[in-house]
Each structure stands twice: as structure tokens, then as C-alpha cells.
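I've put the structures underneath this note.
Heads up, the next two complexes both have chain A, just with different partners, chain B and then chain C.
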Partner chain A sequence: MSKRVLLGVLLACGLTAPALAQEPKTGGAINAVIQPEPPGLMLAMVQNGPVQMVSGNIFEGLLRYSPKLEPQPELAESWSVSEDAKTYTFKLRKGVTWHDGKPFTAADVLFSLDMLKQTHARARNNLAQVEKVEAPDDYTVVFTLKQPFGPFLGIFEVGSMPMVPKHLYEGTDWKTNPYNNAPVGTGPFMFKEWQKGSFIRLVKNPNYYEKGKPYLDEIYWQIIPDAAARSVAYETGKVDVLPGGSVENFDVPRLSKLKDTCVTGAGWEFFSPLAWLWLNNRQGPLADKRVRQAIMFAIDRDFAKDVIWNGLGKVATGPSASTIKYYTDDVPKYPYDPAKAKALLKEAGYKGEKIRLLPLAYGETWQRWGEAVKQNLQGVGMNIETIATDVAGGNQKIGDWDYDIAFTYLYQYGDPALGVGRNYVSSAIAKGQVFNNVEGYSNPEIDKLFADGAVATPDSKRKEIYEKAQKILVEDVPVAWMLELQFPTIMRCKVKNLITTGIGVNDGFKDAWLDK
Partner chain B sequence: MLSFVAQRVVKGVIVLLAIVVLNFFLIRLAPGDPAVVMAGEAGAGDQIFVQQLREKFGLDKPLPEQLFIYVKGVVTLDLGFSFRQQAPVSKLILERLPATLLLTLTAFAISLMLGVLFGTFAARFAGTWLDTAITIFALIFYAMPIFWVALMGILLFSVTMDWLPSFGYETVGANLTGLAHVVDVAKHLIMPAMTLGLFFMATYTRMTRASMLEVKRLDFVKTARAKGLSDAVIQRRHVLRNALLPVVTLAGVHSGTLIGGAVITETVFAWPGIGRLMYDALLQRDYNLLLGVFVICSAMVLTFNLITDLVYRLVDPRIEFTT
Partner chain C sequence: MLRSPSGVIGLIILLLAISVAVFGPMLFPNSPWRMVQRPFLPPFTLATVPLGTDALGRDVFAGMIFGARVSLLVGMVSTLVALVVGVPIGAMAGYFGGRVDDALMRFTEFFQTIPSFALAIVLVAILQPSIYSIVASIAVVSWPPVARLVRGEVLSLRTREYVQAAVVTGQSNTWIILREILPNTLSPVIVLASLMVATAILLESSLAFLGLGDPNLISWGYMVGAGRTVIRQAWWITVFPGVAILISVLGLNLIGEGLNDALNPRLSREGR
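Right after this comes the complex of A and B.
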């Protein structure tokens, strides 16, 4: 079998960053905020944002991704794809050790995949196309797919597929394994101490395989539950880094203007968080496409961006964020047009039936956004009732399809086959889940397009398919797309190279250094 | 007295078990369960996955069976396992309990001492400008929500004046030991303890003042005066001592409210206590952890109440322990 070799170019990962002109300095500690306190640090077991942010320093994946989402080597130093695009061969880096000194080998990869299929919902979905995985030797892993799967090289970053030490987990009860709270990985930083409710301390891994890295001696993740208190902690110099989303949006402009403060929106390219309103397509007025279109015309999304999100982010044009593959803005447009919304509602015969709106219980910004949307919709004559819940209660309602309109935002993971299709194909309709096709939209043409798009080759064919899908979806408005969110990271300017990949602060601080 | 204490303890245990059973059902009334929360956070999750999680947590069993398993655990002092945090509940609580005790007891001491002191002064100088000043001062702190006082405190003492740290239990990374560590913790404690304490201080001030004014009018005070006792002795030994009884009652009742207030205070000041643990457990529907915190808090309230009853006797020897 002749192989088309895609060389994993051994880029030192910081090379893309502009700060290269300066020689990195070694030493020092970074104080960063983590919000909320992670429930544990075992990334293979719990996958919420804060867990990944801290554990992304401790664990590693086979690959990481550049801001343009090109794969870069991490634990795999190179990879190749067979001509039929069904066999992927990864060559692992030699000389990598776990923090306890044991070597990292292909056996760990096989074990991790097995474990993740049971504990990691997203990895489980991503690996659905894999027929078998083999390890011909200690440093080679071969994936054989059931059929070609376009985004396959996009599922290997640390949060999607963290590598787990086989020697510490095999044969144990995973959920009570003591290493869940004192994790052992291969990453640039090692777990040192966790004062529950106060801070998590990571220290430099002196045996890290990239010589000279990491540059920092320590990272302190400070746990500060109140948003205003987090802003003050930065203001008073007690923390150096506020990762995206850790302060309320209305504090961002003020904090950005502080002395020696640098702000960047980079590091979210892989996730591309997109906010929308789930519209329950199954029942009531929202079952009518015209009512859903009216909602798009009724909502002033520029106002939401400029006022509620302080100008951060971008008005969404459809189901794909502009940062992911095969995005197109050549789709029907929905500018703010209350008159048109009213006309559509009239045409659809809307008679003021009550519509329940479920805001997202993620803090002030989201609450205000809920109020603004309610006002917009009331403005065109819709009868809106806001339902107040906490996150768990809201999830339950959404999972039970017990809502009419509900706020959400979801990650897109770089490729429509990973993060977009799942929200619209009818095979992803199932009660009891908070993601996937919650709105109950069902269109055989869309089902086919996404099914074809995932396995089509070459790239130009995929592009054509996904562009068509975007047009159909935007016309049908299964959900109301709001904004591509931006979560700026605020930090002291002395912190250099903090964000070097498309995964940002979730990818660990191995390239970061302090200009003291 | 011993048999009084023993009987109260037995009654306390029964109350505690009733609380456990009630809470067990109450928290399950809230929509959403830990499996839904965790699948939600994973950014994906199908029904099979959620079902697997439920089985792992034992949430697929019938409710009475879950209750039986839990109560059996509590009776043998096993508060269960937090699947959410992947650690035994008792360990999680014990890690955080000292911080909460330090905060609430300090706040309690501050509120009681200042409250009684101010109340006494206000009563002593009733109708003067001092009385008015104290009353207004107390009213302000009684009327302001705790989180507001906390934020204003941070703005003034941390941001503007830079006197006190705005959050946390100690200076992270300073690795202080001995006296330096004690001073460091004390500096961190001042604002949260004052914030929590000032609210309760206000109540005690008002209560002491009103109660003292009432006692002052009673006949035995006149008798004391007729005996020729000095005003200071009358105030301290006769008026205050009798006036304190309602204050002590109120303080006992407040022990529960104090823990409630600690949730807010701990949140704003990032104080690593169980108040915050309880709040997070609630949001994440971490049933075992939440129940565990409730059990511990209930035990604390029951203990406080028992202490209150014992203090009664010290304040007023006329009260007898009857069982």
C-alpha cells in the first residue's frame, strides 16, 4: 500500500507567535483565575471548561491545532493517511515519560481510547467511525476507519482525547481512583497541590520532552467564585491572567484599560463558540417556519453585540461560525426588521399564544441578553414568558423538550462534521440530552448532506456539500443564530506567548513565559 | 444536668434523621440530576451515556431503596461518595469545615460583643444623640444586603486604600508559617467576618437596647437603686444580665441563619468554607455532597441550640434543667 505521507512538521509550537523576537526567559509563577472550581482534574472523567483549562497543562493529546486549525505534533510526532483515507498511522514521540517516570507508549493510547469510549461523551461520538485500533510496536498506533471520515485529524487535542496512564488506571475502579484528584500526565506541568476552595498549584515538569520547556516554574489557579471579586483580584494585582469568560463582559472594557494590561481574543478558534436560541420546532406557533423567520427579523443582534457583549463577537450568519471550515456567508440574510417580522407573524396567523423563553443561567450578561430578546420579541407582538431556572434545571427542561425558546451556546470543534451537523440531523433527536438536535428539526435533505459531507473526498466536494447545507438551514431557521461569541483573555503584558494555538488557554501554558 | 444533655442529644439525633429524610426528597424535587449536569458539561452525550452515569451514581434504583442506602450510611457515619468530585463526602466537608467555623465563630463573636456593647450604650443614653447615632448605624447594617456590604468593603479597603486583601484565606504562594501565617489569615479574615458579623450585630444592638429599656422599668431595679447600689453595678449586674436572655435566645436561633449568610460571604470573598461547597453542590445536583453538608450544618445548629440552653442557665440561675 503506497502511502501519502502528511509530514507532521516539527514546529516548535511557539514559532507562530509574534513575541518570537524576544528570547523567552525562564522562571517565575503565573497566577490565573479558574472559574468555577473544577470538580476534579481527571480530564478523561469530567470534561467541563475549568477541568480542561487546568488539566490541559497536565495531560496531553496526540495532536494540537494551530489558530488556523492545522494539526501540529504533540505526543504524536508525525502521522500519515492511506490513499483510501481509511487508515491513519501515528508515530509516537520517543522518550516521553509520565510524571511518575514510567514511559509513555502505544499501549497507553489503546487503553485511553477504551476508557474514553466509556467516560467521555464527545470522544465516544468522535470514535464512532473507528473500526479498529492497533499498536504494531510501542511507538506506532494505527486507526482503521469504517469509511473515510473527513474531520478525523481534528479529534486528537487534549480536551477531546486526553491520554491516560494505563499503569495507574488499568484494573482499578476508575471513578474512585485516587489519581483522579492528583492526576499524572505527560504534560509540561505536574500537579502539586489543591487547597479546595482556594487554589490549585501546578509545578514545572523538569523531565518534559521538549528541552527548555516549560519556561514557568509554577502556575497558581486561583478559585474566586464571585465575578466582581475576580475583577478586583486582577485590578489589585493578585492575579495576572483572566482567561476568557472569567469576568462579566461589562467589566472587560474597564479592565482592558488598566496599566500594563494586554487583551486578546485569540485561542478560541478550535472551539468557535456560537450562541443561538433553540426553537422548539415540534409544537405551537414555532412549528411554522414563518414564525421562526420572524424571530430572526425581530431580534436586534447588533444591539446584543454592541451593548450586552460590549462590542465583542460577531453577528452569526448561520449554523457555522466564520472561523470553522467550509463557512459561507452566501446565505439568506436576517437584518433587524421588526416590520417584516410583524408581517410574517400575521401571515402565519400568530394570535398571541404564550411562548416560554428559557435564558441561560450563566451570570449577568446572559440574564441581560434574555431580557433584551424578550423585549425585541414583545416589540413585534409576541407573548413571551421568561422561565427562571438554574443551569441544571434549564438542562432538564431542554432535555425534556419542555420549552419554546431557549438560549444556548455550543462549541463547533473546527469542522461541521464534529460540531455543526449534530444540531440539525434527525438521527440526533433523542429526549434527555441537552445538545445535538434539541429543536426537533427534521429534513431528509439535510440528513443526507451531513451524512455525505462527513465522508466525502476531496475537500472541494465537502465544501460544496456544506455550503449547500448552510443555505438550506438558514432558509428554514431550525434555531435562531445569534452571535459568534468572543471570550477575551485579559492579562498583564509581561505574560508572553500565553496563547499560541487554536485551543488557547485550554492547551496548557508550555510556551508561556514571564518578561520580568 | 447530665441527663438533660443526654436527652437533648437523643432528641437531636432523631431530629437529624428527620432532616436527612426530608432533605433527601426535597433536593430530588429540583429539576435535573447529576447525570444530566455532567453530560451537559461534556458538550455531548446521548441517552445511553446519561443512563450509564445514572447507574454509576445509583440513581437508577427506586427512591425508597436509595433512601435506605443513604440513611444506613449516615447511621454508620458514612456520608457517601461524591461522584461529581470523585472523593468521599466526609473528606470534602472536613477539608472546608475549619474555614467556615473560623469565619462564622469570629463573625458571631464580633456581632455579639459589639451588639451588646452598642445596645447597652444606646439604652444607657436613650434619647440622646448617641442613642440615635447607634440606632441609625445598626439600622444601616441591618438593611443592607450582605453582598452589598461585602462589595463596598472590597472597593474601599482593597481597591481604594489597599489595606486588606480582597479574597481568599491566605496569601497564595507566600508559604508563610508560624505567627506570620496567623497574621496573614487574620488579615484575610477581617473583611468577611466583619461583613457577616455587622448584619447580626445590628440585630443584637436593637434587641439589647429594647430589652434593657424594658428591664430598667421593672421593680427590682428600683429596689436595687433603693438599696443604694451604684448605677454601673445596677446596669451590669441587674439590668444587663436580665436583658441578655432574649439576646441569647436570638443568638441560638441565628446559628442557622449565620451559616446561610456564610454562603454569600464565602462566595464574595472566595473564602474556602462549606457554604460555598453547599452552593456548588446544589448547582451541580451533587446529591450526596449536598445532603452531607446539610447533615453537618443541621448538627451544628442543633449543637448551637444545646449550647444556648446551657448558657441560659449561666445567665439566669433561676432557670432549671428539666427533662
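Right after this comes the complex of A and C.
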């Protein structure tokens, strides 16, 4: 029922809209929900999801990415790669100014890179292959790499590498810089005010370098702590945009049936959140590959998609989401097959040892999912005990490897070298951390494939390497992949062009306009 | 007891609930967590799932039956534990008086000053939700009234002639408390206990409603909590277990009242 309606809405709004492209209209304000309230807005210092959602309007990166993850110009208007794939030259856009009127130049880029290496863990990793960065003139930046690094063009998105104004941050204590509370960027919107616990207001940047943009005058990010109240706020017209994840899934069908409401799953291609079950490969029955395969066969993932996620998302086939580069579905398949699961368990000699299951404490949807998975596993004769924890407690248990099965979902950032390898290579086994190889899977062949894949050239070679890695991983089942998640964005149909890139609502409303 | 009609009704409800808790799971051998039908099936449409299904297609009726077991068990066991803690403390405080009384009562007040539900939430959250931590935390927050009640009773009984006589004849303190005093405090304690079971069921339901139930056991409070968010689409998921909580708590309160009337004939005759 709900699935069909949703599909209809998606078809009606998402797909036909470009065909009837209209001339954008200027003016108006958008009210959007931000959940939870961000801890700050200085994107170079804090990188939680809600931080980027708001300050992706204020700050910009050198590049944006299309839904197919092809690089698009933002602050860099063009770029070129040398023959040996070790030198990347970016030509910066001219005439870009910071919100305070100072020009944006290559010096700001060099400063931002230095700062991010200290404040942004992911940027530091992404830049590890960079030997030196130079600015031959004010509008050129040249990156020289130690060795060719395939995913290099994928690290310039605003959340991964936001540009910071050198003239306001150089020589100051970054943590206490007053501009952290009133950030100054180059983006289409400027920070205006933040009433804590109530709303964050951004206003149009009148000097934005793309003439005519942005179309909106203002954005209000409304802070509403309760999920049910957020749904009501949309129904009563207080807000126009519910970004992915801001209402519970079971409210999505009801809200999307409302008049003048459009729903889209687009805008998460860059992050491609993939949900899976950590399986502790170190101990107990799960150390046996056959038991792990049995878990894949035992879980009805279509049911999870259709019932728990209201038809949103896609059943995962392996370690890469289908939107990630070099994804292949030419891998061993694990349909819902309890009989086969039972046979595998029997073959592995599983005798009903107790297995602890740690659900994710992110709300009702995840709890119901935990219950359904437990039921599936009990259905094939596994003895499952659910452990109740909060988010922090769960993270600690997972980091300490004190679990048997645990729910999680992680972003993949477009390239297997950036967002996939970290969960499977043995060098990423480090106790106390939650987003690395916490399952304890160790396979020298996989280690080598991911090491080679990151630096191999040309693209066809990388493709070959990563396809091989996917096949091996899916055969070994180091973790049980569940769903490629989709976080539907719900909005009034009068809001146009809200999501135009693979980063979606997380990278600014510069193309959005209101059809009054 | 049998003369008061409300007490009889309460007793019938309680017996019914107990028999459901004891025998129900034998009639429904399937786990209440099993997904048996399509999700959100309204009640009274299929004979196999008379009360409909919840968000995952689980049988609401089966959940109610298994939930009765958890709710009643938690209610009774935690009350028993609270009595085991509260009665001796109250008896000692009342009997020995003086410093012992002061110390024990300050200790009791320490628990009474913290809002009991808040304390229960904190305890369950710290201990990790499980049936044991829930019983323990409910017992911890519900023993102080028992202690105070028993202390009050003992204080007044302490001065009676037959107790004085026992003291004079050189009986040991333990013997006096156990044989002479406590039996006479029994009737108010029984009345209080029946009301405590009701309160404990409500506490357990509230904890489960907030997601602090034992994740491996279905209970009425859990069902209400899990169904709460979809109440606009599927009222039956919350309403039926909610009614079950209402009726069983009502039943226990009626019993408590009936017992009060029966055990304190003077009070009931004069009071009404």
C-alpha cells in the first residue's frame, strides 16, 4: 500500500519535474527542520550531520558532485590531471568574495588545508597521499601526490574539505575564534542569527558569484526536538522541508499522502549510507564462515525494506552500495532461504550457543528492525539475546569488541578507497574505535587488493581490483549487509530544485526556489 | 471480603489475569515476537489474529497473553522484594526507637525524597534493562512506604500491655517482634501490598513504554510504547494492551479496597 503511494509520489514529483522545467522565481523563505540541533556551525571544526546540513549553505568546497558522483565546479572552475596522475591543478573561480567582502584566493585554500589537517580527521586521511600543495598564483592551486591516488577527485566536497577564510582565522586560537559562532564563508547564504533551541536563520548572499543565485531570500532551520512534533509542524505548515531522517519512517507514507507534498530519496548518493550487522569474527560460532553465511540466508531483508523502511532503500548485495564506484552485483547471492541457513548451521555444528544482538538506539525504526532480525535468526534455530543499550553504551561495546552481532550504518563517500576499505582491511583493526574494522576480519588478499586499488591506474585497473575484492568479501561474509538506506526528503511541491547534487540537502540550497 | 461486591469483582479479574498468565502461553505456543500476518492488520478481520497485528505483523492477542505473564510477574515479585526489605526495617525502627529509629528513618527518607519514577528510570538505565534490573529497581523505589507503615504500626503496638508483658517475662526482642507484634501489623500490610502490585505493574509498563523494558520479553507497556508512534494509523496496537493494564490495575485496587473493608471492619462501618 504505502510503497505504491510513495512510488507514485516519487514519479509524480521527482521524475517529471525536470521535464517541465520552469524559469526559477526569486524571493521567499524556506522553513526546514534541522534534527538534532547542531553543536556548532564551523564546519572545519565539527562535522556532525546537522552541522553540514546548515553550514553547507554558508561554506563551500572546491568541487560539488552530481548524483552520479562526477565532480562539478564550485570554487574551482576547472581542474586538470597530469599524465602520471600525480599532479592535480585547480583553477579557482575569480571574483569570489567572503561574506565580509574580502576576496577568496589560493592563499585561503592553502590555509584551509593546513587547518583541516589538524581539525578534521577524515580530511587528514584523505590528504595523506598529498606530498605538497602550491599556489603559483592567486587563482591556481597545484596538488602533488606521493603516488597516484584514484579517489583523489572525490575529496573536495564541502563537508570533507570546507574552505575557511584565512584573514579571520590565521594566527588565532581556532577553537575560541569568535567567527565559529557567526561563520563567514563564500556560500550562497550568510549566517544571520541562531536562537538556541528554536531556529537558525540564514539570509541571501547578495554578492554571490553565480549571478541571480541564490533565489531564496532566507532559510529558517527550525529546531524541534520531538519526532512527532516535527511531523505535526509539517502538517500545520510551520515547516516546508523535512530532510531525510527527521521524521520516523512510518510517518513518511502518511505525510507523503498530504496535499502538495513531494518526496524524494535523491541527494544521498555521495554518502550512500549502507546498513549492516557487525558480526564478531573473532570468537564463538560467528568465527565460522558458514554460520555467518547462514545469517545472511536467515534474514528476510526484503521484509525489512518493505515493512520497516516503508519500501525505501534497496537490499544490499555486498560491501559497496550500488551508488559507489566500481560496484558490482556479480557476487554470491544470499536470498531469504531459512532452509539453507539451517543446513549451514548444522554443517557448522552450531549447538544453540547464545548469541548477543545489539540493536542501534536510533529510535523506533531501528528497534523494530532489531526485533525482526532476532525473530529471523531464532527462526533458523539460533539462540539470540537482545542487549538493550543507549547510543554511547552501544558504541562502547562495539569498540571494545564486546558483542556478537550489532547493527550499524556508515557513509561510504563515493569511492571504495574512501568509505569501504576501512571496514575490511586488517590495518583498520583498532580497539576502541567504532567505524573501522570492528568485526576483526583479516584476510591478506583483501588487504592487498584495497592497498592496490587505492593507487592503481587507470580506472579499468581499479575496477578490476575492487570487483575482485567484492566477490571475496561477499563469499566470506565478514559482516551481514542489510540495506542501502534511503532517507527520503519530504517537502512541499512548491519547493523546486532543492536537491540537485549527490550531496543533496547537505550542500546548500543555492539552486532552490519557491513556486508561489 | 466476600461480602464486598467490588472486592469480589477485583478478585475475579485477578484470578482471570493469573490464569491467562499461567495457562495462556500453553494455548499459544508460538512466540509473540513471531511475524505471523501482514503488518497493521486491523482487529476482528481474521480469526487467527483476532486483535489484529502490529507494525511488524505480530499477533497483538498473543502479545497480550504473554504480556500478562511479564506484567503480573514483575508486579508480584517486586512487591515481595519490597516487603522483604521494608517490613524488617520498619519493624526494627518502630521497636527499638531512639537512634536506631532515627538512622533507619533518615535512610528511608533518603529514598522517599527522590521521585520514585525518576529513580527507577535511572536505576534501570544504569543496570541495563533486563527483567532482574526492572524488578530490583521497582522494589528499591517501593519499599519505603512499607517501612513507614510497619514502623507506625509497631510504634503503637509496642506500648500495648501484652507486648509489655512479653518484655517483662524476658522474651527475646526477635521473638517479640516476630510473634507478638508483626502478626498484628499484617492486615494493613496486606492491603498496602495489593495496591503496591498495581503500582508496580504501572511502573513496569511506564518503564517499558519508555523503551526500558527487557528487550527479550514482551510486556503490555512495551506494546503501548511501540504502538504509540503509529496510533494514528493503527489504534488497536496501543488500545488493547492499554485496556489490559487498566483492567488489571483496577482489579488489584478493588481487591485492596475489599481487603481493607474486610480487615478493618470498624473503619469500614464507621467510615461509610
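Everything below uses one rule, namely that the second predicted complex is superposed on the first by the 497 of 516 C-alpha atoms of A that agree within 3 Å, B and C clash if a C-alpha of one lies under 4 Å from a C-alpha of the other, contacts with A are read in each partner's own complex, and residues count from 1 in each chain.
Quick note on the criterion: contacts are C-beta pairs under 8 Å (C-beta built on N, C-alpha and C of every residue); 3 or more make two chains touch, one makes a residue touch a chain.
This structure is a prediction, so every number in the text was calculated from the model and none was measured.
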Touching partner for A:Ala227 - first (chain B), second (chain C), both, neither: second
Which of chain B and chain C A:Glu371 touches, first, second, both or neither: second
First, second, both or neither for A:Pro36, with chain B first and chain C second: first
Residues of chain A touched, compared between chain B and chain C (which is higher): B
Touching partner for A:Pro332 - first (chain B), second (chain C), both, neither: neither
Touching partner for A:Pro148 - first (chain B), second (chain C), both, neither: neither
Which of chain B and chain C A:Asp390 touches, first, second, both or neither: both
First, second, both or neither for A:Ala121, with chain B first and chain C second: first
First, second, both or neither for A:Gly284, with chain B first and chain C second: neither
Partner chain(s) touched by A:Lys238 [first = chain B, second = chain C, both, neither]: first
Chain B/chain C common contact set on chain A: 228, 389-390, 393
Touching residues on chain B, where the partner in the complex is chain A: 30-33, 36-47, 49-50, 52, 56, 81, 83-87, 92, 95-96, 99, 151, 154-155, 158-159, 162, 165-170, 172-173, 266-273, 276-277, 279-280, 282-285
Touching residues on chain A, where the partner in the complex is chain C: 227-228, 248, 250-251, 254, 303, 307-308, 359, 364, 367-368, 370-372, 374-375, 378-379, 385-390, 393
Residues of chain A touching chain B in the complex: 29, 31, 36-37, 39-40, 42, 45-49, 118, 120-122, 124-125, 175-177, 180-181, 195-199, 201, 218, 220, 222-226, 228-229, 232-233, 235-236, 238, 389-397, 399, 410-411, 422, 430-436
Of chain C, residues touching chain A in the complex: 31, 33-35, 39, 55-57, 125, 128-130, 211-212, 214-216, 226, 229-230, 232-233
